[in-house]
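What follows is a group of structures, each given as structure tokens.
Two complexes come next, and they have one chain in common, chain A, joined by chain B in the first and chain C in the second.
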Partner chain A sequence: MLEKFIPISFELSVSVLAFLLLLLDIFGVRSKRVFAAVGIIGLILTLPLTNHMWGMHATLFGGAYVLDGMAVFFKVLFIFITLLIFLFSLDFLEKKFEFRGEYYSMLLFVCLGLMLAVSSADLLTLFISIELISLPLYLLAAFEKKNKASSEAGLKYFLLGAFASAIFLYGISMVYGTVGSTKFVDIITAAGKMNLYASPVMLLGIIGLLTGLGFKISASPFHMWSPDVFEGAPTPVAAFISVAPKAAGIAIIIRLFLLSMAAPQVQPVWVLILLLLSAMSMTIGNLTAIPQKDFKRMLAYSGIAQIGYVLLALAAATTLGIASAMFYMILYAFTNLGAFGVLMLVTRMNGSSSISEFAGLSKRAPALALMLLLSLLSLAGIPPLAGFVGKFYLFLAAFQHGGLLFKIMVLYAILNSVVSLYYYLGVLKVAYFDPPADEGTVRVPTSSGLALFLCGMTIVVLGILPPLSTWVVNITQSMGLSL
Partner chain B sequence: MDFPFLTFIIGIPLLGLILIILSEDDQKDRIRTIAGITSFITMLFCIFMFCLYNYDQGGYQFVEWISWFPAIGVEYHLGVDGFNAPLVLLTGILGFACTMVSFNIKERVREYFALTFAVLAGVFGVFASMNLFFFIVFYELSSIPMYFLIGIWGSDKMGEGKEVNKKYAATKLILYLQLGGGLILLGALGLYFLSGANTFNMWILQKFPIAAKWQMIVFPIIFIGFAIEAGMVPFHTWLPDGHSAAPTALSMILAGVLLKMGGYGIIRVAVGLMPDGADFWLKIFAVFAIINILYGALCAMMQTDIKYIIAYSSVSHMGLVILGIAAMTPLALQGASFQMFSHGIITALLFALAGYLYEKTHTRALKDYGGLGVKIPMLAAIFVFAGLASLGLPGLSGFVAELMVFLGAYKIFPVIVILGIFGILLTAIYILRAVQKIFFGPLNEKCFVSGDLTGVEKAGPVVLAFVIALFGFFPSILTKVTNPAVLDLISRFGGM
Partner chain C sequence: MIEFIYNCFNNCWNFFLDVGLVHYLILSALIFCIGIYGVITRRNAITVLMSLELMFNAVNINFIAFGRQLGTPVGQVFALFIIAVAAAEAAVGLAIIINIYRNFRGVDVDKVDLLKW
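The block that comes next holds the complex of A and B.
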């Protein structure tokens, strides 16, 4: 009897956990540590479930939900991301604002939505999961109620997000109109017989879907919300928004486009759109990041650029492209969280996120400065850190694609990554060369320290142990999905 | 399996790095001792390796080959032949000299030596790697610490002209080097796929060169990537600023080995793997080489900061290397190889002395000096010696290299060689001008000098000066080793 639930056991346990935290709040538990501890222990306890799901290929709810290697992969990644955010939030919440218990349970609901999204094999399930991701995130962004910037961030995120959702839904309706079904399996069959010249509606559908997803992964030109939201939202929430929905968005693009619309009749359309998004994201992300004075805004733009690199590999539409994108999402998550974590600790007292806050960090807190160095250099793609291996795969995947266009795009991406080094180094320059404005050492609490240590280890280990990336490649190949 | 010399040569600096990081920041003497011993052992290993290289047999020796990531053809694959054996030796000698010179560093000693050793390990890795992936990884490993070395321990420009801030110089250097690295990465991806071999192994890529039409495109990409490192005009602007702003030891590494990574890369990767592309493009790049020689020399004549003079002289001398490669005759290629070694030692010596000069007088501007020969005879003597080596005095290593390049290239590019000889004349002018302004003439009373070279300060310069004389008198020590590799490359080159 219980076996039936194995494929959705992650989702079940996370929702149980989320409701448990809500109940704790209702029953008057006021200690922040209890909430976080229950959440962290609960999340860690879900991890052994992976054992049962490994190598499983299951379809549930009449084809609306699939569980395969990629889904498990992303689900585990989301659990880790949520864990890290819990660890960071513990210290941050203490200082920042009066505690409200729903914070942690909302994070868990987002996690639930992310897990459902990467398993959705039906456009409607997908839409519902995306909404489940977004709605708690809107609230979380505005969580710092007394802070105007936070409220503004929440509102802006909500309005633009709702707009994007509407376009996405409109896209779904177009696809449904052409295919006659919302299931991905039906899309695969229909795409093979399609003639886009005769029915341009599908074209509009694809554009609608990619617009909605482009918003979620903050690919340019749908990126406008991200710097403002990052700047205004509480830092742990900004960190969460900067990695989790992007990873989910990439997973959705893989499942919806690379796997379901691989037929040569429709493929050129979305490949071209992905390339366009990629080129714009790289350019706008990197160039706009240069003048930023605020670290969160800079990371927002850098994240836009990073997504550009990933989209380039996805546009190649090969197994290696998928594998490299998946690998990149792991290291991007850990690296970005590492950078945000350092920011959280350094600016915990005054809440500013200006880059000048880092002045003299190498003297005030050498360990934090080292962590900042590791994460920013990894983002810039410097060996022997994870970022280099990741970018190397992305470029390898894109270059492998036969077209000359792709080779030129790889050149462009490499030039962009040189540009990106400039602004990452700008931050390190402040941290290492400038005299400290404030002589006091930065206290590193245990939980954040642990989280940062995890991030740092991941950045280094993924960088120097290529066999780990082989593992990711194997997962992709064992997914049993034909391309 | 043979004794893994090359792994030890890369590993010992890394071990030293770890030991240094584990020390406390205030145990300065302990850190210096570790650094000194580590670099000395590394140098010994390099010398052993060079002496044990069997030049009768030629080819690649001390090969280590471990599969690392077979899925994409990445292997930990080291080896030396006639081209990189001298460069590994050069790095070993300079590593020791740099450590000796760095004993005067007082601030943040631990980080300083840790970063310097990271650079050294990276450079060794680049020279020894036979796999493009590791080549690039080591390249980046060596370049990133330079940013911090310059930014923290560097100095601003002195003397007249445009002001150059050390942070500006550090950023410029690293962006240029990364741009070069990026182009090399792109070229490596090109070789990986276009060869159809799906490997980064240079031995295999050499056997299965990519189609000639692709070589025409990939060759300039890789060539320019390396030429940026080698300081080829018009991509040289990072070089004077970066070299001059760097702390003494890093200036020595930059001029001594980093530029050589560019020259070596051109020989090994660009020309070695793409002979057809080289056949077409090298004639064009020969023109850049002569511009390098003349333009670098003319710029050096105008400089008022002693380190800038040396830096521009590097630009000029690297032109000779590129000219030697472009000519592609056995003699010229030998000369290029010799010039890389010789220039590495000579320029490093000049930078070391300029560093000491700055320490003793607290200025680098030429106008503040005058008649210092009386006060610091030892420093003056070695400086004059190094200057003469740099301008190509017979009997010293610089002369042998220049002669070989010019003789070898004359048949191919007569006009360029004749112009190049003017470059030598200009070199004599700017070197003698600098020597005369600093050490001779009436004593500048305003110039405060704190004393001549003492004790440990002598170690670095004396070792380097000895090497210059040794290879000047016995060039065959080096040419015997390079010869088989040169002939092998030329034979694969065919066409010329």
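The block that comes next holds the complex of A and C.
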């Protein structure tokens, strides 16, 4: 009997944990540390479940939920991301807003939604889980109630997010009307047989779906929310929004769109759409990041550019392309969290997130400055670090796919990485060469220090141990490019 | 001539009498577009929220019409889920708007402009 629940055991344990934290709040636990500790211990206890699920291929709930290698891969990634956010929040919350216990349980609900999203195989499950990701995130973005910027971030995120999900739903309804089913398998089979240009309703539906997902991953024409939300939202929440929903969005794009790209009459349409999104994201992200004064806003634009690189590999739609995109999502998560973590510790006292806050960081806190160096150079793609390996595989996948268009795009992407180096180095110049405005050393608490150490180790280890990236290729091959 | 006018009139009349899938799709597309127009042009956050609800309900009409046409219950189930999610979305949205009202002394979205560029 219990064996039936193994495929959904991650979701079950995370939801139990989330409700447990709500109950603790009701029964009058007022210590912030207790909530965080219970959450962290619970999340670590769920990790051994991976043993049972690895290599499993299960379909549940009448085909609405699927568990395969890719789903487990992303679920473990989400648990790690949530764990790091918990560690960061522990110190951040102490100085900030008056405490409310629902903060941690809402983070766990988002984690639950992310887990459901990556293994949904039906548009209904997908829609519900995307809403489960979005609704708590709207509230978390507006969590500093007395802070004007935070509530503005919440309002903007909510209005644009609800607008995007309405368009997403309209797309789903059109796809349902054409195909007659909301299961991914049926949609992919039908899309393979159909001439997209002759079926405007299906095309409209797919554009709607892409709009909703593009909003989640903040690809370029749909990116306008992300800089404002990042700047206004509390820093741990901004860090969470910058990595977790993007990874889920990429997973959904792989599952829903890429598998249908095998059909020859559909392929050119997809390749064009993805390349267009990729080129726009790279250009707008990198060029707009250059003049930014605010570190979180700069990271938002850099995140848009990074998604552009990933979309370029996804457009190739080969096994290597998908594997390199998945690998890139791991290192992007750890690298971005590292950069946000440093910002959190430096500006914990005054709440500003301006780049000038880093002035003289190498003298005030050499370890933090080193961590900032590692994460920003990894984002820029400098050799021994993880970012280089990740970008190398992304561009290799696109280059090997052949076609002059792809080769030009790879060249363009490399040029863009060079442009991005400018603004990353600008921050490092402030941190290493500018005189400090404030002479005091920055205190690094244990939990944040541990989280930053984990991020730094991952950035270095993924960079110098190439076998790990072939390991991701193996996962993708074991998926067999099928549902 | 009179016969022609009569035919035209008759055709139009029939278009309104034989309500089919296309009518529902046109209706829902109209409501959806009114919703989009409202979201883009309205300045009051509550009105924007109402326009969002219009968009969600336009999608509901679509699902019900397609579900009826295809003869599968999926459309109706989807519509029920959308109603539930839209209610949750409205609750979250109103909470955020109340917070905006307390901080900015109003719900005019044009006045909420601390974060730009």
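Keep in mind that, in the parts below, the second predicted complex is superposed on the first by the 478 of 483 C-alpha atoms of A that agree within 3 Å, B and C clash if a C-alpha of one lies under 4 Å from a C-alpha of the other, contacts with A are read in each partner's own complex, and residues count from 1 in each chain.
Operating definition for what follows: a residue touches a chain if its C-beta (ideal position, glycine included) is under 8 Å from a C-beta of that chain, and two chains touch if they have at least 3 such contacts.
Since the structure is predicted, the reported quantities are computational estimates derived from the model, not experimental observations.
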**OP:** Answer with clash or fit: chain B and chain C placed together on chain A by superposition.
**Re:** fit
**OP:** Check the residue A:4 against both partner chains and state whether it touches chain B (first), chain C (second), both, or neither.
**Re:** neither
**OP:** Examine A:193 and indicate which partner it touches, taking first as chain B and second as chain C; both and neither are also allowed.
**Re:** neither
Original post:
When the two structures are laid over each other on chain A, which of chain B and chain C touches more residues of chain A?
Top reply: C
**OP:** Report for A:433: first if it touches chain B alone, second if chain C alone, otherwise both or neither.
**Re:** first
**OP:** Have a look at where A:425 lands relative to chain B and chain C in the superposition and call it first, second, both or neither.
**Re:** first
**OP:** Please work out whether A:131 is in contact with chain B alone, chain C alone, both, or neither, and reply first, second, both or neither.
**Re:** second
Original post:
Which value, in Å, gives the least CA distance between chain B and chain C in the superposed three-chain arrangement?
Top reply: 25
Subject >> Parts of chain A lying in touch with chain C, wherever the complex brings them together >> reply: 124, 127-128, 131, 135, 138-139, 142, 145-149, 151-156, 158-159, 162-163, 165-167, 169-170, 172-174, 176-177, 180-182, 227-228, 231-232
**OP:** Spell out the part of chain C that touches chain A in their complex, as residue ranges.
**Re:** 32, 35, 39, 45, 48, 52, 55-56, 58-59, 62-63, 66, 69-70, 72, 74-75, 77-78, 81-82, 85, 88-89, 92-93, 95-97, 99-100, 102-104, 109, 112-116
Subject >> Partner chain B, residues of chain A touching it in the complex >> reply: 377, 382-384, 388, 392, 395-396, 399-400, 407, 410-411, 414-415, 417-418, 421-422, 425, 428-429, 432-433, 466-467, 469-470, 473
**OP:** State the interface residues of chain B toward chain A in the complex, per the touch definition above.
**Re:** 68-69, 71-72, 74, 133, 136-137, 140-141, 144, 147-148, 151-152, 167, 171, 174-175, 178-179, 182-183, 185-186, 189-190, 192-193
